[in-house]
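When the chains are written out, they are named A, B, C, D and E in that same order, and each has its own residue count from 1.
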Amino acid sequence: MDDIRFAERDLCVTEAKIAARDVQVHYGTNHALKDVNVDILEQTVTAFIGPSGCGKSTFLRCLNRMNDTIPGCRIEGRLTLDGQDIYDPRVDPVQLRAKVGMVFQKPNPFPKSIYDNVAYGPRIHGLTRNKAELDEIVEKSLRRAALWEEAKDRLASPGTGLSGGQQQRLCIARAIATSPEVLLMDEPCSALDPIATAQIEELIDELRAQFSVVIVTHSMQQAARVSQRTAFFHLGRLVEYGETGQIFTNPHDPRTESYISGRIG
Amino acid sequence: MSIGILVLAVLILAAAGFVLGRQRALATAGGDPRRLHSLPGHYGQFTAILAAVPALVLLAIWLLAQPLAIESRIAPMLTADSPADRSLAMADVRRISIGLDLLAVSDRLSEDAVASLSSETLAPRLRQVGTAVTQVTPEALSAAKAHRTMRHTLQIWMTAAVGLTAATCFVFALLRIRPDFRARNVSERFVMWLLIAASLVAVATTAGIVLSLVSETLHFFRIYPAREFFLSLTWNPQFRGGSDLGIWPLLWGTVYISIIALIVAVPIGLLTAVYLSEYASRRTRGWAKPAIEILAGIPTIVYGLFALITVGPALRDWFAQPLGLGASSSSVMTAGLVMGIMLIPFVSSLSDDIINAVPQSLRDGSYGLGATQSETVKLVILPAALPGIVGAVLLAASRAIGETMIVVLGAGAAAKLSLNPFEAMTTVTVKIVSQLTGDTEFASPETLVAFALGLTLFVMTLVLNVLALYIVRKYREQYE
Amino acid sequence: MTDAAAPASPAIRDGSLFAPDAHTRRRNAAERRFRAYGITAVALSILALIVLLVSVLGNGAGAFRQTFIQIPVTIDAKIVDPKGNRALDEMKKVTTIGYGKQLEASMLAAVAAAGVATDGLSRKDIAGLLSKEAAAGLRGMVLENPDLIGRTITFRALANGRIDGYFKGRVSMDSAKLDSNISPAQLVLAERLRDAGLVTVAFNPQFLLGADASEVRPEAAGLGVAILGSAYMMIIVLVLALPLGVAASIYLEEFAPKNRWTDLIEVNIANLAAVPSIVYGILGLAIFINTLGLPQSAPIVGGLILTLMTLPTIIIATRVSLAAVPPSIRDAALGVGASRMQAVFHHVLPLALPGILTGTIIGMARALGETAPLLLIGMVAFVREFPAAPPEGFFSPASALPVQVYNFTQRADPAFVERASGAIIVLLVFLICMNAAAIILRRRFERRW
Amino acid sequence: RDNIQTAGSSTVLPYATIVAEAFGENFDFPTPVVESGGSGAGRKKLCEGVGENTIDIANSSSRIKQSDIDLCAANGVTDILEVRIGYDGIVFASDIAGPDYAFTPADWFKALAAQVVVDGQIVANPNKSWAQVNPALKDKPILAFIPGTKHGTREVFDEKVILAGCEETGAMAAFAAANGGDEDKAEEMCMALRTDGLSVDIDGDYTETLSRIAANGDAIGVFGLSFYQNNTDKLKVATMSGVVPSVETIASGDYPVSRPLYFYVKMAHLDVIPGLQDYVEFFVSDEMAGPDGPLASYGLVSDPELAKTQAMVANRVAMGPLSN
Amino acid sequence: MDDIRFAERDLCVTEAKIAARDVQVHYGTNHALKDVNVDILEQTVTAFIGPSGCGKSTFLRCLNRMNDTIPGCRIEGRLTLDGQDIYDPRVDPVQLRAKVGMVFQKPNPFPKSIYDNVAYGPRIHGLTRNKAELDEIVEKSLRRAALWEEAKDRLASPGTGLSGGQQQRLCIARAIATSPEVLLMDEPCSALDPIATAQIEELIDELRAQFSVVIVTHSMQQAARVSQRTAFFHLGRLVEYGETGQIFTNPHDPRTESYISGRIG
């Protein structure tokens, strides 16, 4: 882990954007998340790290209630966005998801054109007044997701005909096109080459100026590069959560230390 | 027609509401749709819904309630001994009252003239304007006049009430529109209610079927012992009573014929679906699938005649007689085979769609492991498509149970309990039709048994469907 | 993990790509067999279709052509207007029997003018070459245009069904000998008249446009009323069943909580598909006619019943296709902040469309060909009056194509067999036209992901 | 509603359509709608009530039953006009290529009954060929297509052929004796037909019987006279008790197997539905239902008492309570 | 690229297992691969690297004719396995695929139990005589794919209910269960944490003893760690192919150099 490079810290944020208290998630009889307590801060990039299957995606999906759609999935505990309970029956999950965007672990473009994939969000949220504005948003999102050069000549061809990495970037472009307040990204760079990865990391850094970003990653280097805060999950528990620098250089929990140094997985 | 005009007016108001709601939403947001909670169109929908729905609901309730209200007021004016008499008399009053309307129009009578009509000469005049009355008693006439006035007053009230409701709601909706108003949620909730209502149609249909069968079935069991019906092994209706109406031979025939039909249709249909979706070229599929669907549209009488004239004698000469299984040209086998052909598209077309919907990545996964196409189909695709395929098979089975013409012509009309597939038998459905359309008097067990048969079949298929649901639940594989 | 890789199967490791090993050969054989089964299945289905179509076409193609007899008729005022004052009311008192006499005279004159020997046939026998419908046709013409009286017109009448059958091969000299309705001498006369140019076989638009005719005039029977009736009913079915069915499926599959109640509804819908169609007739009679007071024999009632009957098919097809759409598509839509309603209507529904359309095609095919429920609501009937244009037409009596087929097959005169097959051809063409849009649309929306 | 609606018997249907068609052509009223669907169903519909959405006339191939009249009364249909239009002959016919048959009711009873009397013993019917039944008949296997129990024709067949044959052969007496003199039981035994496939019930119509005979050359079917008359080139008719069935022999009463055909008019509709009275009068006019009319030439056996019916229709005499 | 660690070379292999000559691939009008010439050696791990969308997956799919299933995909040129033309009409793609196994870029477990997923290959190829042998293969494959510990208690639960990384490992287990001669792995570690990644890399190294392995990866480090040969693709062309050490330390082509040093993508 020689080349871990720490992002500059500016954790001058006052309060939590999202707060999780004692969150428990069950899939049927499988207790996937246990007692998770975490504060996601505003204008911060938070990295979730942890071995495969430890519950990172599960927790991410709790944050915008995407777990609602999984039959047999039960969530307990309290999750708040700007102090409002996310699971309050009065909350409109649609509005929640408009605020809390998501990039899924497996790229899932719509079987529509590349353009329509990106334009979908702005369309349903009424973000544009005319076609020109929409074109602009689409282009900007694709540019920011580093896909514009490859996609600009084939905007009308189906998004499902893209390569794995291209699909992943398309999904990122789709998610940022609606400018959510919080962006949840589940391994957004897993299928990307280093340069594309760097571009996405740049995007994340840029987004942080206004929003908070939560990113799941398996790359310790990436977590160190882009995040200000890091949460380490292990076997369904949040083992440690803190400033990225501290987690990587001076973890409190021995399990964090073992994971970072490559001993447990 | 005035009701039609009223409805039309409300709908026009709703259309205007759509446009205005949209405009107003944009106006409140200073022309910037981004400041709105929902899309401008949602505000339009909201206004339109509010303008139309309460008014139309009110109209519907009014139209249902008005006759009840009027008749409860009229009822004391009539002298009747029994409720049946009263309802007959009321029907008379209703007819006369409508007839008076017609008369007023055709003879250009003033209201006073109508009020002063006397009962003596009225009947022929009413008949002339197309009202079915034999005679008009003074009592009925005065009741009818009261009926008519009340109708007219209430009609005016109704128009006013509906119009007022529409207008009020319309204005209310427009006033509600603010940038942070959740118009999408409201219009989606409305759509949701529509969806729920649509699914309740199915429930209502069931209720309707059960209700329309139940009273006659009870009537049947009052004049024919239920024990005989459910336990007797002979079906032998007679004209002069003393019929044996045991359901078993019919049930057995239904099951036997349906099973043979499914044995023909399911393998052929499934293999066809698999071939068309997995092997055939797009072009072949493009014409073969619609072509096979024609099989579902050929009138069953054609199949029936095919069974009667071609298949039946062929089966008899080539199988039944050489095998010593009888010399009947109509047989369970004949009907089953021919019905199976008809059912092929029920299985094939729907299965084909479902197989087509299985994601390509699953096929890739299997091919990548060195599976042949048929292994992929059998081990990956069909299990993943199982719920849909079961649905298709159930649909085919349902059709098999409900079929009449093929059975009548292919299997005959004899109700028999036999294992020999080359013997003539018949099904419950065939007997429902023939008992209902027969020459026997309606209130006899021979006719009423049709209702009992229908209800029994209904219950039995219900049980089968519960079973099917359970099986699908158990074996379904959800991809992704 | 030090042990070597799993025992490499000789089955896979050895051998060239061109020479499959025994196991693979077996599997390939199984593959070929499976493929052969598939082809056989398709071939069987297509074969069945061809056999059925050929038999229908073979029997029914003749119904579109008909034998006509063309004779000059001098309309005799003494017969058609005995009072001679051209008053329509008076003229109407002359029935078709009177016009029959007129035609008889004209026929005899025409035969004589053509110089054809009649072999001692009686007047009645000679006039019997004409359809019984001819008199009515002539009467209609005269009443419509009284100026014709006294003039000589060329009247083109249908030939009697047996004569028509002779020219189409249905009736032979041998069968005519046994036939109580025609004699060989009449056939000979017909042949001579054909040679003289008075008798022709030509396309018969009346079969498609005309109304049904009674048992004694098979040659005049047409499908016009039935085609209209079927069209009206199908409009009703399509307008009601498709939206209702899709809406119900969407609710049940996408929104309804998965609990006992929705299970009950699901089972219940599957069960409705198994309810014999005649029971829908019972329901329709009880609800639509007896309770709601809708008229007898009307397409509206038929349409409503067929709608209820088609609904389960569409719902089942739609539900299974909705369920077959991968959940990741829904997730993707929800993830960008679409509501569930939007996710369904924008993404899931288009992907489920092929299945929905299949359900519609099959459901409509069934609805179009159904007779049993119509039996109880008065649509299995002899109807000669054309229904008006919709919406009033929905409430006037009409027949339907399958009903017409059913009626034709029940009639005693063998000439109706051909007409039944002709009606089936029309019905199939109707079906194909009706489904063409759905089939094209379905092809457009079929995709894999 | 401006058209007449009738429903009911499929036997009466052809006659009704002929009349309806002619009525539509010669009168200013629209052609009546003639539904088929069975006599029972037609009477049920007639009795559903008075009003626009109920039918005006029920055609019936058998006389109305008391239960139907009760049902009518309960629904307010009190005055019913009963019109007998003529008689329908029932004939026995086989394929045109087959042998000639001359039957008696006794032959049919012995051929089709479930149990027959052989040497004074009641045994399950052992006869397999017509020659076994009656040596005078051809040695052809017995295969009879008879109307199913839904058809009114079956009642006539049961009564006038089977029951008559039962009495003729003396089996009736034997059955009665076996049942301790119980006549009803004996009749029931007489009319129980064999179920081993030699007697086949046809629930469909005569065209189905005809198709079945075409598919089974040796079979004998039961037809209506008019149906036979339209298919004399395919069917060979058998004599019954030595009489050839024809309009004349039936009218004269020589041919034993026939039945009257009726229709029933809802009198409350008579002046309401335009043309109803004219239609009913037209139906029973000599022009139509007379011995030279189109109905007779189609196979209806004209009613000798037609004039009485015409008078009844003209005077609108409602039917009284059923006599028998 | 400080920490690139080179695997020991043992390229003592004589001949090419798979040879590609002038391979061209078109998707409709999109010319996705141009003039690719490459020899995949026996008992060697070959890494394909290159920016996202450059055609790595496409080429991989050519090697076992998985492209056959993509409508509109056209392949030209010559590809041989053990000297036999893969695209020869006499070749049975089924047997080819049995020899050339594949792990796809997007995990695609069957909607069956975990056990059935792994047992699928052995079953269809008839590799076992009885249940015990099958159990053994399943366990061994899952162990080697580092999934056994997580999956052993839920072998009967559906493979689709696993986390992203677990699904990926399940697909690896499924592919190795049939012991193919060549294993094509499209980004097999993209969703895996470092420890799981290390285990898979170990597996790859182990497989090399007998088979050849082709692996697509975006991690230069991984390529360097596990492969002996590396091919660099760029915009549909094979830019450079050679010994991994040479490619990473001394690339001939300036584009390779730029990519490795993170300048083009």
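Some observations on this one:
Everything below uses one rule, namely that a residue touches a chain if its C-beta (ideal position, glycine included) is under 8 Å from a C-beta of that chain, and two chains touch if they have at least 3 such contacts.
Nothing here was measured: the structure is a model prediction, and the numbers come from that model.
Listed here as common contacts of subunit A and subunit D: B, C. Contacts with subunit C and subunit E are shared by A, B. For subunit A, the chain whose average C-alpha position is most distant is D. Relative to the whole-protein C-alpha centroid, the nearest chain centroid is that of B.
When C-beta pairs in contact are tallied for every pair of chains, the largest tally goes to B-C. Separating the CA-averaged centres of subunit A and subunit B is a span of 49 Å. Centre-to-centre spacing of subunit D and subunit E amounts to 83 Å, using the average Cα coordinate of each chain.
Per-chain CA centroids place subunit B at a distance of 56 Å from subunit E. Spacing of subunit B relative to subunit D, judged by their CA centroids, is 35 angstrom.
Residue positions 184, 305, 359-360, 370, 372, 375, 436-437, 478-480 of subunit B are each in touch with at least two other chains. Listed for subunit A are residues 94, 106, 124-125, each touching two or more other chains. Counting partner chains per residue, subunit D shows two or more touched chains at residues 1, 37, 41, 51-52.
Contact between chains, per the stated criterion, is found for A-B, A-C, A-E, B-C, B-D, B-E, C-D, C-E.
For subunit E in complex with subunit A, the touching residues are 2-3, 27, 30, 49-53, 57-58, 105-107, 150, 154, 161-166, 168-169, 186-187, 190-199, 218, 220, 259, 262-265. On the side of subunit B, the complex with subunit C involves touching residues 184, 188, 191-192, 194-196, 198-199, 201-203, 205-206, 208-209, 211-213, 267-272, 274-276, 279-280, 286, 288, 290-303, 305-306, 341, 344-346, 348-350, 352-354, 356-360, 370, 372-375, 377-378, 385, 387-388, 391-392, 394-395, 397-399, 401-402, 404-405, 428-429, 432-433, 436-437, 451, 454, 457-458, 461-462, 464-466, 468-469, 478-480. Residues 64, 66, 69, 71, 93-95, 97-99, 101-104, 106, 108-111, 120-121, 124-125, 160, 171, 174-175, 177-178, 180 of subunit A are the ones that touch subunit C when the two sit in their complex.
By the touch criterion stated above, subunit B contacts subunit D in their complex at residues 84, 88, 91, 95, 124, 127, 130-134, 236-240, 242, 305, 308-309, 312-313, 326-330, 408-409, 412-414, 416, 423-424, 426, 430, 434-444, 446-447.
Across the complex, subunit C is touched by residues 81-82, 84, 86, 88, 90-92, 94-96, 98-99, 124-127, 137, 140-141, 143-144, 176-181, 202-203, 206-207, 209-211 of subunit E.
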